[in-house]
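This is the structure I have questions about; it appears just below.
Chain lettering (A, B and C) follows the sequence in which the chains are written, and residue indices restart at 1 in each chain.
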């Protein structure tokens, strides 16, 4: 390289490192959003557990994805010298200035979202260490296997879809790969775990377990919304391919989700704060190719879908999914994967290059895979180590039972320590 | 374009998209700051309403600005194909890589600040849907009309000022366009709405309505401060014109506002956390051309001005502006618009290119326009649909009256649901 | 310069301004993290004081570093015209587009971390204005003197170390310069101030003062973690030298800190949320040259070290360091400074270019310097103006005693105002 080219490359790599890093930080911030959304939604006696679980799961995910998962998805490992990792040695296969390393960081924050999604469904009654094991298995193996199929063209699934339907399965920022997979894994986990004690009367009537704090719930939602723009826009993974359309589409889908959930949810604060997220879940897949008006519709449908299906879960299906992560991530994610095949079409103002049938097949592939995996992983753990707190522990609350301290220790009886 | 130029353009556009996107995310984060500042300042029975109002207003603002407001201000609409929007078609008038679309996102976060400012003034007693209507009218028409006069040279106002006084009206990041306009719109809204019941005794003595939570108030202030650096610095709207001076000036104005409000406000937590904001409001207009020492003075004056005028509002004028948004945004914004014409002068170490008289005229134009518009919009809504909760609803609190749920439902009686 | 070069320079400077600005904003956000970590850890009657102290200290630090400290460390002052500051005049020594000014902002956020660290140690019993004076002295003189020795090669310390041991003292992002210095200054402050009343029985037995709120504590920790990626990665201070390795190392050290503190701290929420910080404190120094596996070990050791030493402080040494800032920043920082000399070696997969002995000498130089300075500054203030609240004020709480208002005024008796 002559000096000028080298300088150019340096600048460009530096810009990309910066760009992807900011994406990683933003999605990392979303994890605090998951934590506080759960803190506000659960009962007071389970707030500490929500916080510790999310933070611990993030760390366990980091280890599992670093040592196993990233190799499963992308065939890349990190067991060479720091100089080679940083792209500074002759013939290094890693990008200059540690570009490959921030990509890992960015993609890890996606992978770690899976246990964070599940966490909200199994809240208030799950044992701690079995859930930590599930996190390791899921982030190390289950998630990256499907991730690699879609995002790294592993095993020829994408080629097959392209040959059959004219376009590969398109999931720009993970409506299916992250959200639907997370939501459907949670579906299995929630059913294997069973309902919280006292959640339904003997006659099967729902008993209200009201959220502990709307402000904490709202803070969680805001942190998720903020970080989501990194989740979506930085999925481009380089400045050369960044697209402002992704940002605008995310914005309009969020607005659609807010307004629809406000109206359908009749001004309920829990619904509107989750409705924003519903719109964002659904827009991920097609955010790079839909028209903003299409995104508005996709988000609005998702906001309404969340409210209706959350209520149906609680009242009709009697599924005790505490934060409603199956309707939110599982169903709105599924809708998003399919919607990319509709609103991405040029006929509807989109950029095109998608096939409705590829979207349908790819979306259901993710849902079926994750649904089965959820039952398998949690079923196995249930059989081998047990996944549920004892009735007495659950009654005392996960905070005192697992962490020996409550959320506001100064004003609470704090036994033990 | 030959390939190299095209690559260069691509990189540069990508950098600008990234830059403006981060600005938009930071100002979007400020909206959560508005929400939590209000949560902490109002009484507990109105916390949920603060949260839902800010989030809903943001979504409504998005729709109003997307479909109407942006066209009013800049003559740009989005009713062409996604490919053209993204600047990817031949002859597209939109910037490459969706540059025009992130600009919209960035400017929307400014527009949506207007109802968020008003929200703090009218808290605890306003009806929900009439306020939603006001948001749509203001963000769709009232704000963008003035925005376009100043920032898009619409109708020749800037030319006239330049011819008359030697320089156009300079408002780099919106001390007048955003803050004074928001604050003076709120002034009308607060007066049309009237004081909260019980706020003054029959003899006209102030009754203390103490804030519910200083930590939430402080979180709101911190989120606003963080985002403000995006509000100001990213107002450059391209990497080529970004200026570190804007960041340093914002920093020093904030420090000045903190210290002055700490001293004048005698260590009061509400004053110091709003004092930081006062400094930041005032520095917006001239942050790109004042000397850091000038900014320190401008911020300190604003911090003191806020404390004095907040007290005067409550005690002397008996204006029941709950968060003090008129002194904060209306008066400190006005001061900032004028101060840019003083501390921006080269004689005072500034970059020059401003005229004191243009600043005076432009600033008062904004104030008068918004003052009249505030009375008009809220007066109209008051006459036609009614803008205030009934006495009984107000007594119960906006949370239970409008949202059927309180901020901490687990520990509260939650009627209905 | 011909136009093209000029354009190129502009782009590059703009990119660096943006990069460093985002670092500054992220580290600025960490200050809110310090505030909320303290809010959650102290008793309820001292929450307001925590908030006001951190915000006021940040403003005072800004003034002290702007007028004095930055000149002490780097020989740069800001008393020239805004045009020259912005690099826009012929022969200006300041970087183009205000590059030098965002560097100041970035480094200020480091300097201001020192009083924020100390604040957590002296909580619940320190007088307000004497602490403000200590902040001014420390950020104006004490910190920048050592900062200049290490980061600006002042007084030849680095040359001497390089000649003696083959490499200068390496502290990429401040394990020693910021964290150990802050922690050891706090050590002196805590001892000069003495223990909180009632913290130990007459027989010397520890009395539990449980934290007021785990959610606020956790929010503080999350904000610190998020901002830390800016603290570390943006320490490169230009896009040309940014390195993704720094991000990955920070991530793995954090994960190591979380897991070790979770296990050693037996699921305690306070330990795990501080354990993440312990890992991040320790990785700063060598984050640019260690292998990710080395960083994982460094972080895990720090997480365990924090838990063990926090307990030892409280129970064995009977040092009443409220947030444990001496073990966290002082000891984990010291470990990080030394560890860079071990895990940075090429033999352990690192990038090399460090000397173990230089690290040892440099690290202990920082610790000894700050230890002495802490006793000197707080000893002087204690002798001259007094640094501690009266027993009655302490009993009432710093909130009512200093700020005349509690954290939740609506539900508390609020005397005076």
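Heads up, the rule we're going with is that a residue touches a chain if its C-beta (ideal position, glycine included) is under 8 Å from a C-beta of that chain, and two chains touch if they have at least 3 such contacts.
From a predicted model like this one, the values you see are computed outputs, not experimental measurements.
Would you kindly state whether over half or under half of the residue numbers at the chain A/chain C interface are used by both copies, giving same or different?
different
Tell me the rotation angle, 0 to 180 degrees, that brings the C-alpha atoms of chain B onto chain C, to the nearest 5.
A turn of 120 degrees brings the C-alpha atoms of chain B onto chain C.
In angstrom, rounded to a whole number, how far apart do the mean CA points of chain A and chain C lie?
32
Enumerate the residues of chain C that touch no fewer than two other chains.
Residues 15, 22, 219 of chain C each touch two or more of the other chains.
Taking the touch rule as given, give the residues of chain C at its contact with chain A in the complex, in rising order.
12, 15, 19, 22, 26, 43-44, 208-215, 218-219, 221-223, 225-226, 229-230, 233, 238-248, 251-252, 254-256, 258-259, 262, 266-270, 272-273, 276, 289-293, 296, 346, 349-351
For chain B, which residues are in contact with chain A within the complex?
Residues 10-11, 14-15, 17-18, 20-22, 24-25, 28-29, 32, 35-36, 39, 47-48, 51-52, 55-56, 58-60, 62-63, 66, 78, 81-83, 85-86, 88, 95, 97-105, 108, 128, 216, 219, 402-411, 414, 417 of chain B touch chain A in their complex.
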